[in-house]
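Take a look at the structures listed below.
Two complexes come next, and they have one chain in common, subunit A, joined by subunit B in the first and subunit C in the second.
Now for the complex of A and B:
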């Protein structure tokens, strides 16, 4: 399945959250990552993130898709890096 | 089409960006909105946002989908409000 992850966590935990997400997904921009992921890995990612974040202050949002890809990804403003996998 | 919008803009411009996005989409969480949108409205939204943001400091990311809905949306941590349209 394909997943898009967006996190909003305290600056103290950003590096750890990003590092964990990067083990499974591609960084797109800022606090957004995406990629193909197995069900087992997705469960592991959520479990790992739940251990890192503060449930009262942070939040992580996951969109999952059966189909592998979105139709398009566009951005305006600055590009904050990340591998661009979209053709 | 269905669109997910994520913005990362200077705090000075957040209110205006959110207000503009809300005229077209539903607020999901933090700086994330989503919804069904026509091609014309999507073009209008991008045009309006491009006028508000600072292209050197802010960024807005748009994922568009032909199919109307994602398979699932999940979150961990705090729920920061927004209309929950997902069943």
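Now for the complex of A and C:
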């Protein structure tokens, strides 16, 4: 599956959330990561994030797609990150 | 599991950082999610330390490295995670018993020949003159089962492949990619450079898949097991060379995706340069993820998965559960 993660958390926890997400997904821009992920890894990621955030103050959103076939993505301005497996 | 490959062409440093992979070059930095990486191909000059190696082993990711000319040099093969004493004994048992070894070797040759034939059939359907090589291959296939010596099998495999290569000039219309005999170490023509490079990509990919099974890559059947290298991946690769490597080569040449500027002359041979390797590897990666309908299963699977299924079939054969029938492409 494909997932887009966005987070809005207290500054004290931003780095922790980012580091956790980076292990599973590609950083796209500040507070946004995306990538293909297995169901098991997605569950693990959510579990890890739940441990870090404060449920009363922070917010994390997950948009999931079974496939990206019927989606499109446009962007304007500079490209900051994203998936790249050919370095 | 999302299984993806990471290909590094640039020079830089690979690090373990924040419990994931981090690649740093003079141009920039990049984090790579470790949970998706199952193998890394190193073509560039990459420095790394034992901390990364330990991390990659722990994550069960393989690292294949290639030298300056794109020759495969080796693999960091992490400690086997799924070991089965029983499977190793079965593998050895089938190797040591000549009749059983030949039975498996024959199937690799037959499978390879079938798929070579299928590729030529496709081009025959598109009006290319491949009549003679095709007839030759078809006349040789039935004889494979009559050889009970591995060296003879290697020889007949060589004859079939030679006939197959004769068709290359009818298939390829681009004069730059003429086939004038197979040359290796070093390849002497752009087409030979492509075949060699493509084959080594296949060998390493099969090796990565073997790692995910109980099989031991050191015990092969068609290719003699020796003290130096992995051989089982060479055996299994024979089945997939025509349908993966050769098809990518034909399609890339046909579409004009490869030019003289993708090759360099060096040490009395011709090699792909970074741009050429990059172009090929992109197609390679896409092809492995491409899915095809498998009639026996009634569903579609990716080519990478197909390689793994071939290994499972081999495991079943070794355990004497089901006789191994090599994958035969249908188009």
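Everything that follows uses one rule, which is that the second predicted complex is superposed on the first by the 69 of 87 C-alpha atoms of A that agree within 3 Å, B and C clash if a C-alpha of one lies under 4 Å from a C-alpha of the other, contacts with A are read in each partner's own complex, and residues count from 1 in each chain.
Criterion: contacts are C-beta pairs under 8 Å (C-beta built on N, C-alpha and C of every residue); 3 or more make two chains touch, one makes a residue touch a chain.
Bear in mind that the values here come from a model prediction, so they are computed numbers and not experimental data.
Peer 1: After the superposition on A, what does A:29 contact: first (subunit B), second (subunit C), both or neither?
Peer 2: So A:29 only meets subunit B here.
Peer 1: With both structures placed on chain A, which of the two partners, subunit B or subunit C, ends up touching more residues of subunit A?
Peer 2: If we count touched residues of subunit A for both partners, the winner is B.
Peer 1: Tell me the contact category for A:76 with respect to subunit B and subunit C: first, second, both or neither.
Peer 2: A:76 contacts subunit B only, not subunit C.
Peer 1: What residues of subunit A sit close enough to touch subunit C in their complex?
Peer 2: 19, 22-27, 35-38, 40-41, 81, 84-87
Peer 1: Enumerate the contact residues on subunit C facing subunit A in the complex.
Peer 2: Residue list for subunit C touching subunit A: 1-2, 4-10, 12, 18-20, 23, 25, 30-36, 44, 278, 281-282, 285.
Peer 1: Quick one: in the complex, what on subunit B touches subunit A?
Peer 2: Within the complex, subunit B touches subunit A at residues 1, 4, 6, 8-9, 28-32, 46, 49-50, 53-67, 70-80.
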